[in-house]
Amino acid sequence: MRHKLKLVLVLVLCAWTTAAAQTDTALGDSVSAAPALPPPLPVTNLQAFDTDNDHGHAITLTWEKSADDGAGENSVLAYEVFRWFPFQVDVVDALRKSVSETRDAVRAFRIDLPRAENALHELSEDPGKLRTIRFNVARPSDSTFELTVDYAIRALEDTIAFMRENAPILKNRTKPLQQDLEKALARLPQAHANYPKDGEWRSLGKALVGSTTYTNTGSKETTADGFFPDYADLYYRVEAVTVDESIRSEAATVGPVQSRGQWFHTGKVPVLGFVLMFFVFTLTFVQMAKKGANLYVRPLSGIEAVDDAIGRATEMGRPILYLLGIGTATDVSTIASFSILGRVAKRVAEYQTSIIVPCYDPIVMAVAQEVVKSSYLDAARADDYKQESVFFVTNYQFAYVAAVNGIMLRERPATNIYMGKFMAESLLLAETGTLAGSIQIAGTDEIAQIPFFIVACDYTLIGEELYAASAYLGREPVLLGSLKAQDWAKVVIMAVALIGMLGTALGWPAFAQMFQVTG
Amino acid sequence: MMKQQIPRLIVLVFGAFLLFQFFVPHESSEWIYEFLLDWTIIIGVFALAVGIWSLFNVHVEKIKTKKFGWKYSYVTVIGFVGMVTFGFTSQNGQEWGWFFPFVAAVLLTVLMIVQAGATKGNALPFLGAAAFFALCATVIAWLDTTWSFYFQTSVPLQSFMFRRMFDNILISLHATTFSLLAFFIASAAYRAFRARNIMASLLLLAALVVMSRFNPYLEPIFGEHVSRLSNWLMNVPNLAAQRAVIMGIGLGMVATALKVVLGIERNYMGKG
Amino acid sequence: MNIFERLMQLDRRWVFLLLAIVCVITYASSFEVPILVEPEVRSIFQFIDTLPKGSVVFVPMDYDPGSMAELHPMTYAIVEQCWRKEFKVLITALSQNGPGMADQAIREIVDSLKVPKTYNGVSYPAREIVNGVDYAFLGYKPYPAIVILGMGQNFRLPFPLDYYGTPLDSLPMMRDIQNYSDIACAINISGTNATDYWISYGQGRFGFPLAIGVTGVSTAQYYPYLGSRQIFGIMGGMLGAAEYEELADNAGNAKDAMRVQLSAHLVIIAFVIMGNVGFFATMRKRKRGLAEGGR
Amino acid sequence: MDYTTFLWTTAGAFLTLCIFSFLYKDNPFYKFAEHLFAGLSAGYFAMILWHNGLIPKLMYARLDDGNWYLLWLDSSKPWYLIPALLGILMWARFSKKYQWVSRFPLAMYIGIGAGMAIPLEMRARVNEQLSAMMRSIDWSHFFGTNGFNLLDTMSGLSQSIVFIGAICGLVYFFFSKAHTGVFGGMAKFGIWILMIGFGASFGFTVMARVSLFINRMQFLDQRWIKPAIAPSAPWWYELVLYFVAAVVVAYAAWELAVFLRRKKNPETNQVI
């Protein structure tokens, strides 16, 4: 049995290596019919530097095209990039591999041991079960073996013994293995440093013909293959390759170069600029509002509808259905919806009608409960608050829809309010709502869904209006101030867009490029 | 203080950190970022218990008050418990052994507990029954070796019952509920696409043109330019509309988020 | 209340009922729908249709079972058309899970060639399609971009052997085919981004006539290439496939689905029109009602 | 098709019909399917979260290496204790008295969401769109890239329509200025553009939605009916089919009877 296991391992290894080999060679073996070409000229002016604006572990190479690329012999098909690997890397990889394999083995044993024991038990009871017994050696849903009963029993016993014997050994081996791995990793920079001793050039991949740059991005995870440490001396070389792998230019080499991570992403400056501008606007107008500057806001029909809707519900003595959508509590649209819910719930509490809030996400439910509760407190009707009115349905899109549709048709709410993140269910809900004869007010930031709400609902808050709704309902000057800030931000955007567009038209692209975000 | 200031402080701290983390590509900031995302997942899992609690509450309440359609609440409970049971167990061989009696015992246990919660009278008999069924379940689980529990490995996600329940039942229900849209989109169009005013007419016309873009029966009416017109509508006015809406939403989002982080908008978090 | 008012407040369930009935009937029945063919599809058909007998059509099937539903009909229609017109077809599958599916598709089309058919009034005899004579299936190699460039030099560089392990030189039809300069055109049917490589590295570098068939979602992003003449035709998703089947007079799965689609659309449009007729017919009445209310 | 598969498919088909029955009106079959769906899906989600969320994050390596473990405390990742504790705070919601404790994790949640959104949304929705708007308009081909063609989406005319449309759309979203005069005109044009865009995208979706229904028909036809009436199939497959059909017909007849003896609601012309 032990041999059987070994065999399996060997097979796995073989499969792995062959798979690797397959993905390696892009163009099959060189072909008899291939025309014989002279080797192309090498690349010139090869340079290597740390990739900017990243978390490190990446090096960018640049070069000037070989003279035979696109011109001359025109024989270049790709540029193959090599890096100098110290053999220490192999040590690390080997250790890494054995750590993960040991873990897998232990895990597999833990799953398979009971299975094996159970299989043995069944078999010893009724040999006829041999046909139906499925027990796999390596991992679930792997090879099944059907053998004569006594051999099967012996094999099982052997396996179980093997597992019982080896599981603890392996388990104790993992810790030291990990420590070795860490040691080996620690030695990597030094190993890189003593180039060109105990190491070799290895291919990283090919850059297509015509390209003059290649980025070697290693993983930052020490547990992943292809990891290389920051602040280690790396050496690269580039060769121009023809369609025939064997014909290639001589190499251009560069190094040492070190990778490091940056502390500020220069490509994102425009974003920072806008955020700061917005920040300033908001603070300024909020201050103005606090000082009591009169801030006009134009009426929004959807908002005014809310009050009438609540009044209507009170007259009809039917509840109000408030849906927060299928977003999580980290979606801004849901957060906006929370504050709208707060306003609505306050009115509801004042009018002494009832509100139903079926939730899609437990955390959203928890927050919603807090919001509704505190609104009832504000309205001084704390004892009218029923926690059961804000409840969790399910976290599966269309099951949620089905359940809410049911609620609409059975509770027959006078008003449905949809605020937040809605996906394909928007129309399903809104149509059922109209069927139930409810007044419907919707607001979402999912552009694809706005049309359906517009079509099926009585009032729809389009996009940004959803985010303004809370301020409108609250009527607190501070919040109205932030609306003002949004408007001024829009003015700035329009101005920039106009100038940029004209600039590019009149041959002054610099301005537009200033606002280009990279990375 | 404890109830309001500290939560706001937490919001401010985390918000500010993640705001600036965006501009710091360095490994360490990434590490914290990923760690925080794990927090959200983990807390979500714990919160699920709260959700399930609420789910059960609602249905127990329904059954208690004999609310319209209360009998169906049992279906939900059974569905939930069944799925969870399948999600923790897996066959060892081909044999089923006492698996389904076990499932039945578990279901009965939960139903008895629900009943005990819902009953107006004496809950003790139900609790007793629950204890009995729980005992049965335990005994079966103890003696039966054809299947076993998996709490720490995701083996059951591939187990026979769990997969079949998902592939055949959940997928069917999901796809069918989704496909109701085919009808609702028709009825919505019929009801709402009326040229009440200029805006409705524009909506109506654009929709009609795009809908009939490939419809040969309408070729004599619209001529063969209709497909090009619909293409133009999709790529020009639609693009313009999307831009405006997207930018507006972006500003709205940033404003809301900023208000929340700065504590200007406090309505999302309870007071008392 | 008159017919129009009834029309105005028609219970939506009549809409549902009619739509359902129409869908089921059209699904069950098998009548032909006229498909409005767009020029970009027609150009592909005509290009292939006007090729001389014996010319080589290159059909890279760079998609995997995921996008089979949309793209398979295109492949079936085009390849069958080529073989009916006695062209030679060269096939590659530059998508990881593609080859097996492609091989199966080829076999099915070969079988369909065994019966005589009449397309667009022209009756074609039954043909025995021979591997290596009428078609060559080169199979899969990783790194599509490099493979595409390599084939530009010589098909034998990326594919010394074909999918079934035969050396290309020992395939009769491959004797006089070295690289793209020997093919009449390439019809890239792709569910991956290999299409970009075909346009930029294949057509861009070697300048052979190229047409593409892509999934419905990614159709729009390739129209610019049509404007810039880099591709001479494009088939988009189920609709494009149906249009091609229409042109080739060779109805397949795509047209089946389109049948239901079209009738459903007609029902919806009809209802919209009805609604508006009712709306305008009752408008005057409503106005009067308002006036009386005012008085 | 072996009989287990057939029975599972039958269950799926039956539930499909149950959901479709909702199109006529709310009814026992739909109620059953709906409640089952809710329960199953909640259970399914709980299991997925348990096996893919909690275990990997907190107990993944458990017992598989030399590290020591205590509940969720993993000597290789001790810092994961923090989110675990925060998660446990969520359970304060079970008690009415200490519910407010759960505000700490909730606040963290919202803080993370808001803070992350500010730069991300600003970048994705504002900066990117702005750059797109500033792309040069093709003045040289103002009326179409090849010849005069008003429906050419790439022409300078179309591009400038996109630009103006987007600007006017933004104008429509102004809150702190009355829509009057030139400003009001721009806003009006903006909302028109929005409406055309929305109409177009509505029309564009219809095809996809209808195909959803087509898929369900194909499911019923090819996966369920065809295999059942296939000559190779066992005799009782067909009986099952007829039985389900009979149920449907019986229910339809019953509803028809109700419909014929219906009362009408005077104002809405709908059956009560």
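Which chain is which? They are A, B, C and D, in the order written, and residues in each are numbered from 1.
As a working rule, a contact is a pair of C-beta atoms (placed from the backbone, for glycine too) under 8 Å apart; a residue touches a chain by one contact, two chains touch by 3 or more.
In this text the structure is predicted, and so the values were computed from the model without any measurement.
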**Fill in**
Touching both chain A and chain C we find B, D
**Asked** Which chain's mean C-alpha position is the greatest distance from chain B's?
**Response** C
**Message:** B-D versus C-D: which interface comes out with more C-beta contact pairs?
**Reply:** B-D
**Prompt:** Measuring from the mean C-alpha position of chain B to the mean C-alpha position of chain D, what distance in angstrom results?
**Reply:** 9
**Request:** Could you give the separation in Å between the centres of chain C and chain D, each centre being the mean of its C-alpha atoms?
**Result:** 29
**Item:** Inter-centroid spacing, chain B versus chain A (mean Cα positions, whole Å)
**Value:** 19
**Request:** Can you tell me which residues of chain A touch two or more of the remaining chains?
**Result:** 107, 110, 268, 271-272, 275, 278, 328, 330, 332, 335, 363, 366-367, 370, 393-396, 398-399, 402, 406, 410, 447, 450-452, 454-455, 462-464, 468, 483, 486, 490, 493
**Asked** In chain D, what residues contact two or more other chains?
**Response** 19, 22-23, 25, 31, 33-35, 37-42, 44-45, 63, 90, 93, 102-103, 106, 109-110, 112-114, 116-119, 121-122, 126, 130, 133, 163, 166-167, 170, 173, 194, 198-199, 201-202, 205-206, 210, 213, 268, 270
**Fill in**
Flagged in chain C as touching 2+ other chains are 12, 16, 20, 23, 239, 264-265, 268
**Request:** Could you tell me which shape the graph of touching chains takes: line, ring, star, complete or other?
**Result:** complete
**Complete:** As the complex stands, chain A meets chain B at residues 53-56, 107, 110-111, 114-115, 118-119, 121-122, 129, 132-135, 140-141, 220, 230, 261-265, 268, 271-272, 275, 278-279, 282, 286, 328, 330, 332-333, 335-336, 338-339, 342-343, 359, 361-363, 365-367, 370-371, 373-374, 377-378, 382, 388, 391-399, 401-402, 406, 410, 424, 427-428, 430-431, 434, 445, 447, 450-452, 454-456, 462-464, 466-468, 470, 474, 478-479, 482-483, 485-486, 489-490, 493, 519
**Asked** Which part of chain D faces chain C closely enough to touch in the complex?
**Response** 23-25, 145-146, 154, 206-207, 210-211, 213-214, 217, 221, 268-271
**Message:** Could you list, by residue number, the parts of chain C that touch chain B in their complex?
**Reply:** 10, 12, 15-16, 19-20, 23, 33-36, 38, 220, 223, 239, 262, 264-269, 271-272, 274-276, 279-280
**Asked** chain D touches which residues of chain B in the complex?
**Response** 2-3, 6-8, 10-19, 22-23, 35-36, 38-53, 55, 69, 72-73, 75-84, 86-88, 152-154, 156-157, 162, 164-173, 175-183, 185, 189, 198-200, 202-211, 213, 225, 228-251, 253-254, 256-258, 260-261, 268-270
**Item:** Residues of chain D that touch chain A when the two form their complex
**Value:** 19, 22, 25-26, 30-31, 33-35, 37-42, 44-45, 61, 63-67, 90, 93, 96, 99, 102-103, 106, 109-110, 112-114, 116-119, 121-123, 126-128, 130-131, 133-137, 139, 163, 166-167, 170-171, 173-179, 194, 198-199, 201-202, 205, 268, 270
